[in-house]
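Multiple structures follow.
Each of the two complexes below includes chain A, the first together with chain B, the second together with chain C.
Up next, the complex of A and B:
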């Protein structure tokens, strides 16, 4: 496709204007934008004739009511584009100075400051509507899920189909603990502890137990399937998915096919945010460690890896269990965001969704998983007004991505935190 | 338990097994020859059923007698579904032949979703009834009662499978398919038009899926667009369970799946502390157990394949 020269020039000019801005400036710009929206969003939306604050940058609104496109565009420009652009343009010197100063301190400080800003952005952005809050939580959970499947399908190069099963294990385990111990429930009886605060504090622990159970389930798959090479993980994991689903359907004390509801509302934004950040950090460490390198070696050539003293079976098992663990944690979070789970949630539809996210974003890359998870979740929210056509558009897009970029949009890209957070070198 | 129920269940199992086996055949051929998981195949089966429904409805609308409608429906539905299969191959798989295999699997999955949505948009989500093209008759053999449709399905499936087996074993095209399964990179050097063979494979698999769809419609005349997922994935399990490169393997595994499911249900409903809803749990556990001992499937040879990344 040929892009006209004039558009190219305009984009190049814009890029030149803001290229010196470090991540700090961008974050600050976004922070100002969302703060602006938090304060004047509603009156501005009313003044422009919009029914309410456009939830997802007005995109859904544009599809639903084409007449409101100019107002929605204007709103997005005033609230987001102008502040972010201007601040990125004019605060680059200051931003670079601050970023450089922060880097002199221990690296943790820089990371914490950036994460704090990011959290503040999320907090203010979701403060406007509950719809945004739920969407954002699902996106963060989707990042965890996608990344954990990317470990297996991208970094290790196998094809696993059992992720919804791991999710279900984690979701049900965590829910059993929270519902059984901390709430009065029809199925599970009265609360053992009557302190919600204690429960909230112990919630991460319950998620970890959920993850551990998912990992234990993964062991059942891992032992037979990594004995030999080939496609048998695909089918064994698929069988496992059906087994888990059927098992839950037949356990009446967990609600059976009717599902389990009444999870306490503990998956708040800070909780989901911090667990996702921790998950991304730990998984990034995993794939950049020696074992992660061994993992890539196993994928590229198993015999050669074995010759280079990589214990291929152990590496594969560990990676698989590790991926399953995070899927379980994500499942636990998911259960407490949606606050109702049934075996039907963890079926083939979910599998297709997670696979789509992994392959859309890109294999073997943390960035890819983030792009895939956010991209597909955002698309499926934005295209909601199209109703059924949505399920023609998203698959079509994915097919095009697969044809033109078979490894996904941002595959094989390094996730280098230090480089990301350091000041941009300005041109002399 | 009396013999009557046992024999009836055997025929039920044979009938379900026939559906699974014929759908699995399509999966298995593509998997053996192109090393691809054709996840769209289940939905091609579903689309074939709906095409047959459409064709039959139109033909019956012209007030043709059913003995004319049935063969015409079979032929037209096979032809149209084969075309769909070939289009899927051309659009979704051929551009990805050199890409990682997993990417092609994802394309198949997405094409399946698109087919499903397409049918859903055209027909609507409600269940529709398949016209009664063959009058159901009950056959009494001593104590045993059977319907003629069940017998026909089993016989027709066995004939088709035998035909397919002979095609692959005896003809030039079949030989090209086996060669592609054996050594993909070398085959084009021998002057075999691999694109045509791939198209043929998809076309034949889809045509068979259409026949399976018609038989399904005759046996269970209530259709919904999600039936492709349910039967497709089970047939996929059967195809891989059969082993790569073995058409008979896929068929036998399909029948095995049918038998396991029916008999697990039968046993579970007669044992007091079990319930028929344990079917999936037990049957997939059995399959998992089989794969532990025969990791390359029932009749597959050992081979080494990695996802080409």
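Up next, the complex of A and C:
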């Protein structure tokens, strides 16, 4: 595909203007933009003739009502493009100075400052509409899911199909605790504890238990399927997914096929955000350690890995259980965002969605998982007005990605936090 | 008692007797060669001793410990390292990662260390990295440390593979055709490399080789294998002149003269 020369020049010019800006400046720019929207978004939208604040940068709106395209574009330019661009351009010196100063302190300070800014951006951005809030939470959960599946399918190179099953285990376990212990429920009886605050504080623990149950489920699959390599895991894990689903459908005390509702609203944005960050951090630590790189060795050549003292059976087992654990945690969060779960949520559709995110984003890459999860969830939200056509666009896109980037958009890319947060080299 | 002792080892692939009544004893610092025509069962013997296959009968003892039927990674951790004929490098890993990976069994930081990046992990990984660089320098491939192995020239890949095997700190090194596909110059280099590591680490080496030059220069003792059975053994010269060996390689003896 050839890009016209003029467009190339324009892009190059833009890039030249802003390459000096560190991530700090960008984040600050976005922060100003979302703050601006928080304050003047609604009146501006009215003035431009938009029905409400465009939720996803006006993209959905453009598809729904093509007549409003100019206003939506104008809105996005005024609120986002101009402030972010200008601040990134003019604060590069200051941003670089601050970033350099921060790096002199322990690295964790830099990370915390950036994360704090990112959270603030999310907080303000979602403060305008509840739709954004839910979409963002689902995106963050999708990151956890994608990354945990990428551990198994990308880093370890096996093909597991049971992720929705693990999610279901985590979701139901966590829900049983929260509903059973902290709320009055038709199915599970009266609350044992009447302090929602206590429940909220213990919520992460319940998610952990959900993750542990999912890990236990993974153990059942792992024992027979890791004796040898090959397609066994795919088949056994698919069977496991169906077993979990029909098991839950037949357990009346958990609501059976009608599902389980009334989860307390504890999956707040700070909760989802911090758990996702913790998950990404821990998984990134794991895959960058030599112990975690053992996964790549097992994938690329198992006999060689064994000959080099790598305990391949333990490596595979650990990775699978670890991936399942995070799927369980993500499932618990999912249940408390949507506040109603039924076995139908955790079927093949969900599996296809997670797999699409993994393969779209890129195998063997933390970045890829984030890109895949955010990309696919954003696309499926933005393209919602197309209705049935949406299910033509997304698969088509996936096919194109598979043709031109067979391993996904950003595969085999290490996640170098230090480089990302460092000040950019100043221009000559 | 010898360091590595193999007694009456045999193996069947279904109805095929791949290895029969194989005996071997290697003392510390000894270099033993294994030659034989293609399909004689040389690599099978490597796989049997290093644990990839489990011998149908016979016994393997290493350092006074019976290692028959142990898993390859356990045997490797005990100090028996090997290389592969087809190298078996990991395509998506850098050279440095290859060498560090071979330190796997020496890491003690455990899962907690892997998940949370504890100081213990940072220290152990730093030590392993330093050691890996030493080995890379020793084999003259340190300039490739951050490259993917698939981008390296063939000779360098061979060196990386050998460095990877040696960083496990073995007492015996098994080399499966280390000079396969090499030019005469690369071959001479490789002989020097093997001799160098043999002296530096006072290793025992068990070597499969087709090129008699390598065997003559390196080995004190040679075994010739055909159809899973030892045809002849002794010093390189003795084995080379043994009519049975010549027959196994070339068919009729008269034709050679």
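The rule we apply is simple: the second predicted complex is superposed on the first by the 428 of 428 C-alpha atoms of A that agree within 3 Å, B and C clash if a C-alpha of one lies under 4 Å from a C-alpha of the other, contacts with A are read in each partner's own complex, and residues count from 1 in each chain.
The rule is short, and it goes like this: a contact is a pair of C-beta atoms (placed from the backbone, for glycine too) under 8 Å apart; a residue touches a chain by one contact, two chains touch by 3 or more.
All of these numbers come straight from a predicted model, not from anything done at the bench.
Visitor: Once the shared chain is lined up, is A:424 touching chain B (first), chain C (second), both, or neither of them?
Guide: After superposing on A, A:424 lies clear of both chain B and chain C.
Visitor: Touch test for A:153: chain B only (first), chain C only (second), both, or neither?
Guide: first
Visitor: After the superposition on A, what does A:399 contact: first (chain B), second (chain C), both or neither?
Guide: first
Visitor: Could you look at A:364 and tell me whether it touches chain B, chain C, both or neither (first, second, both, neither)?
Guide: both
Visitor: Quick check on the superposed pair: does A:300 touch chain B, chain C, both, or neither? Answer first, second, both or neither.
Guide: both
Visitor: For A:243 in the superposed arrangement: first (chain B), second (chain C), both or neither?
Guide: In the superposition, A:243 contacts chain B only.
Visitor: On the A-aligned overlay, A:289 touches which partner chain: chain B = first, chain C = second, or both, or neither?
Guide: The second partner, chain C, only.
Visitor: Looking at A:231 after the superposition, I want to know if it touches chain B, chain C, both of them or none. Which is it: first, second, both, neither?
Guide: After superposition on chain A, A:231 lies in contact with chain B alone.
Visitor: With the touch criterion stated at the top, can you tell me which chain A residues are shared between the chain B interface and the chain C interface?
Guide: The answer is residues 299-300, 364 of chain A.
Visitor: Would you mind writing out the residues of chain A in touch with chain C in their complex?
Guide: 282, 285-286, 289-294, 296-297, 299-301, 303-313, 318, 364, 412
Visitor: Would you pull the chain B residues touching chain A in the complex into a rising list?
Guide: 37, 91-92, 95-96, 99-100, 102-107, 109-111, 113-114, 116-118, 120-121, 229, 233, 236-237, 240-241, 244, 275, 277-281, 284-285, 287-288, 291-292, 295-296, 302-307, 309
Visitor: Flag every residue of chain C that touches chain A in the complex, lowest number first.
Guide: The contact residues of chain C facing chain A are 50-52, 71-73, 76-77, 81-82, 84, 88-93, 97, 100-107, 109, 111, 113-117, 121, 125, 128, 164-165, 168.
Visitor: What residues of chain A sit close enough to touch chain B in their complex?
Guide: 153-154, 157-159, 220, 224-225, 227-232, 234-236, 238-240, 242-243, 245-247, 249-250, 257, 299-300, 302, 348, 352, 355-356, 359, 363-364, 388-389, 391-392, 395-396, 398-399, 402-403, 406-407
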